[in-house]
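In order of appearance the chains are A, B and C, and numbering begins at 1 in each one.
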Amino acid sequence: MTQSKQLMGRAFIYSLLLGFAIIYLAPLYVMLVTSFKDIEEIRTGNILALPNTLNFSAWSKAWSTACTGGDCHGLAPYFWNSIRIVVPSLVISTLIGALNGYVLAQWQFKGSNFLFGALLLGCFIPFQVILLPMAKLLAWVGLANTVPGLVSVHVIYGVAFTTLFFRNYYVAIPNELVRAARLDGAGFFAIFWHVFLPMSTPIFVVTVIWQFTQIWNDFLFGVVYSGPGTQPITVALNNLVNTSVGGKQYNVDMAAAIIAALPTLVVYLLAGKYFVRGLTAGAVKG
Amino acid sequence: MNFKLSALAAATALALSPVTQAGEVEVLHYWTSGGEAASVNYLKDKLASEGVSWSDFAVAGGGGESAMTVLKSRAISGNPPTAAQIKGPSIQEWGELGFLASINDVAERDNWDELLPSVVSDVMKYNGEYVAAPVNVHRVNWLWANPEVFQKAGASIPTTWDDFLVQAQKLKDAGYIALAHGGQAWQDATVFEAVVLGVGGPEYYQQAFVESNIQALDSDTTRKVFETFGQLRQYIDTNSPGRDWNVATSMVINGEAGMQIMGDWAKGEFTVANKQPGTDYVCVAAPGTSGSFTFNVDSFAYFAQGDADKTSAQKAMASAILSTDFQEVFNLNKGSIPARLGMDRSAFDACAHASMDAFVSSSQTGGLVPSFAHGMAVSEAISGAIYDTATNYFNSTDSAEQGVQQLIAAISAAQ
Amino acid sequence: MLRYLERSLPRLVLAPTAIAMFVCMYGFIAWTAGLSLTKSRMLPQWEFVGFDQYARLFANPRWHVALDNLLIFIALFIGISLVLGLLLAIFLDRKVRAEGTLRTIYLYPMAISFVVTGTAWKWILNPGLGIEKLVRDMGFSNFEFRWLVEQDMAIYTIVIAAVWQSSGFVMAMFLAGLRGVDESLIKAAQLDGASVIQTYWHVILPIMKPVFFGAVVILSHIAIKSFDLVQALTGGGPGYSSDLPANFMYTFAFSRAQMGLGAASAMVMLAGVLAILVPYLYSELRTKKV
């Protein structure tokens, strides 16, 4: 390969990568600049133009004073509601997934593969289907329209994925490890705790990112199974964006949309590196 | 933090409140925007002064679609809200399923039978007893026009659909968008409804679109309706699909478009833009419907509760809704007219006065008909079938005959 | 006794998940199957009418539109996401600068909910506000990009937004896969005189089969649930031309008071998915540990 040919190749790769980067960034860029403009500027200007001045009023309005129904406290209270829902759902579903994955990969028994397949298929059930029977079930166990009820729903439908992630990760670990540990007298949980958990950081990162994104962004379960005062931020965002009277406040809408997406964005920014690493660890060796 | 503080404040206010009546209403509604939210807050404060606290459960979107999903899940889990924003024939359906609570004693005490026109009170009753309280009466068959645009184009405001097509052509030739429209199913249905009423008249409307009489549907009138409706395709702009109705209204306000067919809530947009009725904009009945009135009544239905406190709170809320001050505030905000009769009308503007007069006169001539585009006339299944047909027809190039056949097929299938 | 307990521990650990799965997934599917045989309207009513709802379903023109759209959507969404994800991963893997930044840029859309995605793309794709206006303002007054408002093209805008959102995740999976490939295999292929493209095609891609499997599972999962995206981006319009079965099902079950019909549509949808996935899953799970 000649020098110039190689240079051409590099140029091609870079321009392609950069081109796509611009396309991928465009929606975020549009949202961001819009959130800093005032309504007049949005109406008359170009969607790609930078705002004339950095105007934070839309942000403060979206956060603390915009009306989301009879209450006008902005997204702030709902933000904390979401945290209260996401944290327990995330912790529980990840731990259960880790244990399940450990069993399915290292302690296989007759029918365990079948269970795994059934679990994988089960998560293709459209969520609209389960709304009513789940509501009945939650009422039956006394958790209708409560935070624990909503958390349980997230855990139940999240476990399929967390199990999938952990199983694929643990399946790559040679079975001899378990056998050796058992010879040393270690039990089921001891092996999990002392042998498997310490090497699971990457897959924990992957699972946590995935689950955090799924649960934080959920609207359907949040709106149906929450109670008054415990609705997650997606419900508030939906109420805020769906205004029908008095002119659309695109800047507030966009600021609200970014606020609602902020925690997941931060998670991706901070942990994105580990994400690929975590996927790498379990990706091909299976 | 804010939220906690205000909750605390509300709780303290409640504890200090001298009124004995206690209890809480949990209200599921889909009013989340500007004027609507303000009206809800007015009701909330009014109830607070009576010692009834308000737990807000707002779910916006799709004309209450999400809110109804929530309501159904909660009803099926035996945990329905105290009150929910439901309207039209749906109230009867919920009544049949045994979920609703009678608020008849309040209605009797406050004389609802005399305060409410019978078309309204009929909708609020299940089995002869009141189960819901009406908030307002919307007139749907309005035409909003920008007189300046008409003047520049040398056109006049149409009074029949045939005339509409002539005038719209003039607007179009002069370079304006003749009809501002948002291509969403419910807006397509709103225009379709105006055409049905204007071309077929109230009697045909009643038979074909309220009683779903197939013979009335399979007629030359329906063919003519579809023909007219189809001709409107050329007078809207091609960017209309997905557009919100209020964006379409602003096209009329800023002179991009000549007119819009929309219910009286459109007025709020003109008001916000500081436009005066009569000079800056014109509100007239949709073509061919001047003697008629398609009504759309918003209401709150009350769900049976086991708890006596909640029941008394429910009744306090129902009574507050019918109070003159709430009716006035709410309807000034929303552009509609009060559901109760005999109110001081001086605070309302010319369009609202016209609406009030038409309401009374059309109720005597039989021109008062329920709006099918807004869930007042037929079951959700049938109105859904009409929506599908209307929106699909309007966005296609199908012939009028195809439209008629699709409509008949869809309505029969939904029955 | 203790030994017995010890031996059944794996089963005990899986038991709660298994129970939840059978009740909340398969139990509810059975419940829905039952519901689809009833005349249920606003709420479930257990009055059986046989397969009437299925007959109604297939007589409904809107359902056929939704089904066709699903086929278009699934094929294009999964296909394009896989190709694009793989392409980006391969290029990123060619030792480029700022790899971390680029990777984050491709990945971040996954962090954003469909509701937000829909709102942003609705703007960008709107002929009067977005790309079309932009290009026209730049002086190309005949430029047209109006898929969002065209009945035949609206479904493709949903594909665009969905690909934008998910391809970064696929990229990450492939990138992870590429990083796991043994260098010596590549060296060996190159010694044999294989070109770069040949090496990828014959050596690397076959090794990455499990990654394809994982990506397809996750993408089809997303595809079937792309309900919010349609709702937020097109609302199913123009007319109902960009409806997907999930939206059809939701509309009929919850806002059209035709719950039986909605249930029937859900069953057809599910049956379709299973018909495609079961053989795939079966073959993959049998031949190799995934």
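Here is the rule we go by: a residue touches a chain if its C-beta (ideal position, glycine included) is under 8 Å from a C-beta of that chain, and two chains touch if they have at least 3 such contacts.
Treat the numbers as computed from the prediction; the structure is a model and nothing was measured.
Between subunit A and subunit B, the least number of touching-chain steps is 1.
Of the two chain pairs examined here, B-C and A-C, the one linked by more C-beta pairs in contact is A-C. Centroid to centroid, with C-alpha atoms defining each point, subunit B and subunit C lie 37 Å apart.
Centroid to centroid, with C-alpha atoms defining each point, subunit A and subunit C lie 15 Å apart.
Multi-chain contact residues, meaning those touching two or more other chains, occur in subunit B at positions 69, 72, 76.
In subunit C, the residues that touch at least two other chains are 43-44, 250, 254. Contacts with at least two other chains are made by residues 131-132, 238 of subunit A. Against subunit B, the residues of subunit A that register as touching in their complex are 64, 67-74, 76-77, 80, 131-132, 135-136, 138-139, 144-145, 223-225, 227-229, 231, 235, 238-240, 242-248.
Per the touch definition, subunit C reaches subunit A in the complex via residues 6, 9-11, 13-14, 16-18, 20-21, 23-29, 31-32, 43-44, 87-88, 91-92, 94, 96, 100, 102-117, 119-121, 123-124, 129-130, 133-134, 137, 164, 168, 172-173, 175-177, 179-181, 207-208, 210-211, 214, 217, 220-221, 224-225, 227-228, 246, 249-250, 253-254, 263, 266, 269-270, 273-274, 277-278, 281-282, 285, 288-290. Touching subunit C in their complex are the following residues of subunit B: 62, 64-65, 68-69, 72, 75-76, 90, 93-94, 97, 183-185, 188, 238-242, 379-381, 384, 388, 391-392, 394-396, 406, 409-410, 413-414. Against subunit A, the residues of subunit B that register as touching in their complex are 1-4, 6-7, 26-27, 29, 31-37, 40-41, 44, 54-61, 66, 69-70, 72-74, 76-79, 81, 244-247, 250, 265, 268-269, 272, 334.
Listed in rising order, the residues of subunit C touching subunit B in the complex are 41-44, 56, 59-62, 122, 126-128, 146, 148-149, 151, 154, 231, 234-241, 250-252, 254-258.
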